[in-house]
Amino acid sequence: MTTHPQMYEGIFNKSTIRFLTVLIVVALAVPLLNALDSSNPLHVSTYTMTLMGKYLCYALLAVAVDLVWGYLGILSLGHAAFFALGGYAMGMYLMRQIGDRGVYGDPLLPDFMVFLNWQELPWFWYGFDQFWFAALMIVLVPGLLAFVFGWLAFRSRVTGVYLSIITQALTYALLLAFFRNEMGFGGNNGLTDFKDILGFDLQSDATRMALYVASAIALGLGYIACRMIVTSRLGRVAVAIRDAEARTRFIGYKVENVKLFIFVVSAVLAGVAGALYVPQVGIINPSEFSPLNSIELVVWVALGGRATLYGAVVGAVAVNYAKTYLTAAMPEIWLFSLGAMFVLVTLFLPKGVMGILQRERPDNDDSDGNNLDNGNDLDNCGVKA
Amino acid sequence: MRLIEEFQHRDKVFDFMMPNTSPALDVGQGYLLYLEDISVSFDGFKAINKLNLYINEGELRCIIGPNGAGKTTMMDIITGKTRPDEGSAWFGQKINLLEMSEPEIAQAGIGRKFQKPTVFEQQTVFANLELAMTGPKGVFTTLMAKLSSSQLDHIDHVLGQIGLKQQRNLLAGALSHGQKQWLEIGMLLMQNPKLLLVDEPVAGMTHQEMDRTGELLTSLAGEHTVILVEHDMDFVRSLANQVTVLHQGSVLAEGTMDQVQSDDKVVQVYLGE
Amino acid sequence: MCTPGLMAPRGAILFPFSGSGGLQMLLRVLWVSLLLGFGLATSIARADSFEQGLEQLKSKDFSHIEQGIAAIASSGNANTELVLNLLLNGELYRLKKTDELVVVQGKQDKKLIIVNLFDDSGASAQTVSKRKIKKVRINNNIRASLKAALASLKLSAAEPEQRRQAVNQLIGKLTPELYQTLSQRLDVESDSSVQELIAVALAVTDLNSADSDSAVQQTAVATLSDSLQPAARNALAQFVETTDNAILKSQASKGLRSIDEKRKWAGHAETLFFGLSLGSVLVLAAIGLAITFGVMGVINMAHGELIMLGAYTTYVVQLLMPDNIALSILVSIPAAFLVSAFVGILIERGVIRFLYGRPLETLLATFGISLILQQAVRSIFSPLNRSVATPEFMSGVIEINPVLSLTLNRLYIIAFCLIVFALLFMLLRYTRLGIEVRAVAQNRAMARAMGVRSEWVDAMTFGLGSGIAGVAGVALSQLTNVGPNLGQAYIIDSFMVVVFGGVGNLWGTLVAGLSLGVANKIMEPWAGAVLAKILVLVFIILFIQKRPRGLFPQKGRSAEG
Amino acid sequence: MNLKKLMLAAAIAGSMSAGSVMADEDTIKVGVLHSLSGTMAISETTLKDTMLMLIDEQNKKGGLLGKKLEAVVVDPASNWPLFAEKARELIEKKDVDAVFGCWTSVSRKSVLPVFEELDSLLFYPVQYEGEESSKNVFYTGAAPNQQAIPAVDYLMDQGVKRWVLAGTDYVYPRTTNKILEAYLKDKGVPASDIMINYTPFGHSDWQSIVSDIKKFGSKGKKTAVVSTINGDANVPFYKELGNQGISADEIPVVAFSVGEEELSGIDTKPLVGHLAAWNYFMSVESDVNEEFIEAWHAFIKDEDRVTNDPMEAHYIGFNMWVEAVKKAGTTDPSVVGDALIGVAVPNLTGGYSAMMPNHHITKPVLIGEIQDDGQFETVWKTSGLVAGDAWSDFLPGSKDLISDWRAPLSCGNYNVKTSKCSGQNY
């Protein structure tokens, strides 16, 4: 590190720049290669592109988790909930877009309402025919939930494992709620059979390409936003809270507000990720709320390396690629390899995959990189004075 | 996000109302801290019992007493960590400490150093000081905060005071025990509080370290008011004029070191053993 | 007088039923009892009707089989009860090629040993493959009429229980003849509950029969009002609908009210019982976690799979001793404990011990382990659920009264849960291991300094927690699927319970589990199963706001704050 | 014995991965899209094995169009979006000519757009709620009118007067119960004699509900439970029935999702006499069935494994596909798709099943009673075959819809009132 008085790395430190360049290259290259005709050896199939689009959404989600867990020490086992809520907001918009092209040709009601003979559209479905409204909800609903939940939890100083478990309770409750058909979200089948978005056919390669690029951009922006936060003084306050919450209070920081702010930001990012995910996979249903999903995405982050942001991205992509590959290559026993992967990484790469790179490059100026050994995430009440 | 802005708003207001020493702080009577009839008990055990304590502005007061005398509990009450069952605690004439949260109290101008040195081990010495630095500490101000050159100088000055100039970019976790103690004191300086609560600052220090710490604390007295809890008698004698002896949660004796030491009650319960 | 000549046509008139089930039932019973009435019929007739009946059993057509049964029931032949029982239990077969009635006597590797019906000498014994014989087919309605027929035979059986069932079968289906038989029975009946039943049965008939005068009906109403038998209530309700006698109507409806009052209380008691049993399941599932997670601070995502292992152990033990289910359950308790404990210790030694002080990493590692264990079970036992039989002593109910009966297996599980808890509690409280465990939990370094072999203690503690999980698996195998997903179904609830109760506090786990169970069951009737669960979760979330350290806050390695 | 199984599994896995990796050019590829892990593995793994067996046998018969068939197995892991992804992989990457797969409705819904977009063929082997007819999907399982309604008719004939419609809270039970409710009311059953109850997935504590059913049934009228309870929830449900001593002759339970395989996970002694409605039972006596069972036992190397209705559906579906390919002389999905309509192949109950223009098939409906050996004893059987009805006549939304994929109509949901064909994705 330099001895220059202002010795904090800026937003764009080496790793960030490295990451963004890779992202931009991928974001541009894939669509171009996809445009090539399929005979060309370099051709990237639409399948692969949609797949990567999906990974990018997961990556953004992972970044959101890393922000609260890596830097703030809040282990949220409920982030899938925010992801799914964003997804549902988008799904509802896409449902409304179908209009009278549903199998029953009902101009207003989505198919699942027609054959469960609902009479009129539930109030909470109003407005979703407008994209701007849907977009607003994508940000607002997860954000609002995170705000209310966080406001309750942080103000009453619920910390550590207790916080983790009630986040899990939150997503579990939502899971059960969305399974109920009375809720009007399509029950177990969820929302599916989407036709088009903003008037563009969802099945056309062009739209897919656009969505892919959009996901890449969202990831890039989300990443930069997180960097802005973690490199700001607020970011350092966050780390301070993670390591010694009480101490941070005694030097005059309103810990609960800091937590709330970052938690909400993270939730919004997750929501956006979900919203981009849905049109690319073509379905949103309650199983996205499943607590196991939330745990799994924590695993992505840990696998990539906590509190590095790019580690989260690497983890998300790695695990999901492994899944895609293994479920086809060794369908009967892929869980063995995945499970083994988790165990081995935790045992031998406590800093995640990125940990290796850091060891290789001591010059890496990412000052946040070294706070992984700190164990008291679960009892991050710091001072026992 | 409307709601976020709302609470950003609330923050701004709050920052405006509470700079590091509150305008409400009025030390007309010369007293900076009043503790009156404070009692608190933890499941049955009375940790503090009808404690009365008055601290003059600018004085350096040492609190001594055997273990379990309630020294640390008293500090917890002052800093809002613990709520007393009864009694009142006033900071100056106007600020009722019992109605405020830790951060508010800190912002009002009371800084605290813990018994066990607690610094942010994952961050550089510089960052530790910067975080402690006086000024508005709302979410959005912190998010946007930039270091002005004067603030930089202030930090460098304090680095000098606590003798950690070389270690500025070291992770605080890498410091020695003594250095951590100083860093924590340094953080207090950055906070620039009216009242410092210092809990056993020289515990586990070498003699040289002790002397430096002594100098530090005396240099603080005057512009800051200091309450020092300490076991080490020589160290206490070396700086304090006023000494308060706590025993079983209430004041046993008060006065200069010599007066206190000659007090037989004290001798009996404390120095005697 | 009933002669063979008459027999066939009458059967022919009576039996090709086309009417509704209720009518069928009535006619059938009428028929059976008619024939019972003719005690003096000639032996030839009996023999014929018996043989004829057996012949008809060989038919593929249910209506013929029904006739056959009626004929047999009426024959008064010594073997009647035997045959009817064989039929009811589906133990009567037809040898396809010779079209003889046979019973299976035993198994010889894949083949079956069969003998002709009534051949006690075993002379006709032969071994055939499963496909060579065909069970004599019966359906539910035939089952019903079989029971009715058997009932009228059993009215004077030795065990009161049998008599009770017999009468129960007949309530509301009384024919004049049976009415006679029953009223005679009532005078000689010794067992009080049977007496009550008979009284009810008679009263029901009195109430409904057109020719009985109001005085009789009045006494009937009185009798029924005192009885909690569903049949009694229905009879009264029906009577209130139909009767035009104002006085009786008011009496009857008064009777109804008192019955409903009693039923309401029974309902409450039932709900409480359901709640407790659900709760005890939760406690069983969670209590192991209370050790591994609560005391050791290991976020053990593989806990569910350890439960699953316990359940599979039960299954395997049953495979090993198929003819002694009851014993196998008892054996599998220690077996499951050992298996899960062993796996648990492997996990601890192999993975977790490297992760102390890094609770989160334990979450990740154990999550991986849970995936591996699931898939392992899938590969070894196939992904299909495994069938675990319920031992005799656990099946059935304790009938407090006709409207409140407690299922035995639930009672056993509640008891089991409490025993496990008590043992665990004492173990931690009074044994050396327990003291060391708590010592390490509270201050590892200090404990070491005092010469506690913390390594060993860790292994033992984790083994203990896992073992308990295994024991829980035995209990669950009696209630739910034994399959690869068993674990996942309980892991989340377990964490909820432990956290709600206060991490590291056994009492907390017990209270939390039971109260959550009861709360759930109280809400279920009006909120529905799904909503009830949601409400419970929301409640937990809000409760944690009030008490951020759970019901019974406790300092422990992971609870430390 | 377990070790052996483990090795067997590993072996299969090995061959699988090998099979799918080496993309052999002169083979016809058949996709198998069934969950081998996660919650649905319980039911779907068997179907995967069934497909492997059928393809195996077809190859023994000399393959198809002179080429060998090759199974491409993937694991969508009971994860619905993953189903869509895997379907795309099978069609685009592994270029399979037909896919046999899915169990839950949601998985089908999830892959549906993919099949329609890439114009490939999906054979769906499970009974479902109907209300769907896609150009690219062939429904070889039962539609509600091939299972639910006959079952209710049978029970009415048995004198049942009160009805409990108990189901898991998702689309199949909801729709089925809506249909049944309408049907029962048509038959003059008062609303007070119908009790409807929904429970969450994998519901495991049935005490209250079963005791409610018991109370509902103790009102003097003969009562029956029509169960659309799904998957794992069944075992605890039946166990609780047994515990509370509800015997089949008092309150019979007729289930639409409980087959031999589910029963193999339960101790059926307390359940004797409870019913299930299917289009096939393992106990059916017919030569084809005998052969099928023997072949299955030989393939799976386990005499105790049972067969069930969805397996038969795959048997029918696969043979139909084979016939259609022979007829068309090509495996090109678009051609085969049209060729499939009208194809009739033997089913395992001794008759023939034909593919109708609405992509559903004709089947007999059987009602069976559970026996203590975990098998069903057929107690009732439709005289003829019942044709699957894509759009129920008992739902207001769909009673005007018909489906006919033959030219000129070639529409899955043609509204006879508005004579419009809406919601087609091509």
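We just call them A, B, C and D in the order they show up, numbering each chain from 1.
Criterion: contacts are C-beta pairs under 8 Å (C-beta built on N, C-alpha and C of every residue); 3 or more make two chains touch, one makes a residue touch a chain.
Since the model is a prediction, treat every value here as computed from it, not as a measurement.
Participant: To reach chain C from chain B by way of touching chains, what is the minimum number of steps?
Facilitator: Shortest path length, in steps: 2.
Participant: Measuring centre to centre with CA averages, how many angstrom lie between chain A and chain C?
Facilitator: Roughly 46 Å separates the two chain centres.
Participant: Taking each chain's centre as its mean C-alpha position, how far apart are chain A and chain D in Å?
Facilitator: 36
Participant: Report the inter-chain centroid distance for chain B and chain D in whole angstrom, where each centroid is the mean of the CA atoms.
Facilitator: 73
Participant: Averaging only over C-alpha atoms, locate the centres of chain A and chain B and give their separation in whole Å.
Facilitator: The separation of the two C-alpha centroids amounts to 42 Å.
Participant: If a residue has to touch 2 or more other chains to count, which residues of chain C qualify?
Facilitator: Counting only residues that touch two or more other chains, chain C contributes 374-375, 379, 488, 530, 533.
Participant: For chain A, give me the residues that contact two or more of the other chains.
Facilitator: Expected reply: 176, 179-180, 332-333, 335, 384.
Participant: Can you list every residue of chain B that touches 2 or more other chains, as numbers and ranges?
Facilitator: none
Participant: Which two-chain combinations qualify as touching?
Facilitator: Every touching chain pair, ordered by label, is A-B, A-C, A-D, C-D.
Participant: For the complex, which residues does chain A have touching chain C?
Facilitator: Residues 75, 149, 152-153, 156-162, 165-166, 168-170, 172-173, 176-177, 179-180, 291-292, 295-296, 298-299, 302-303, 332-333, 335-336, 338-343, 345-347, 350, 375, 377-379, 381, 384.
Participant: Could you please specify the touching residues of chain D with respect to chain A in the complex?
Facilitator: 9-10, 12-13, 16-17, 20-21, 36-37, 73-77, 79-82, 84-86, 88-89, 92-93, 104-106, 109-110, 112-114, 117, 131-132, 169-171, 174-175, 178, 198, 200-201, 395-398, 401, 412-413, 415, 418, 420, 422-423, 425
Participant: Contact residues on chain C for chain A in the complex?
Facilitator: Per the touch definition, chain C meets chain A at residues 297, 299, 301, 351, 354-355, 357-361, 363-365, 367-372, 374-376, 379, 488, 492, 495-496, 499, 503, 530-531, 533-534, 537-538, 540-542, 544-546, 548-550, 558-561.
Participant: Where on chain A does chain B make contact in their complex?
Facilitator: Spelled out, the residues of chain A in touch with chain B are 1, 3, 5-8, 139-140, 143-144, 147, 229, 232-234, 236-237, 239-240, 242-244, 246-255, 257-258, 260-261, 264, 268, 367, 370-371, 374, 382-385.
Participant: So in the complex, which bits of chain A are touching chain D?
Facilitator: 45-47, 50-51, 54, 98, 100-106, 111-112, 114-117, 176, 179-181, 187-190, 192-195, 203, 281-283, 285, 287, 323-324, 327-335
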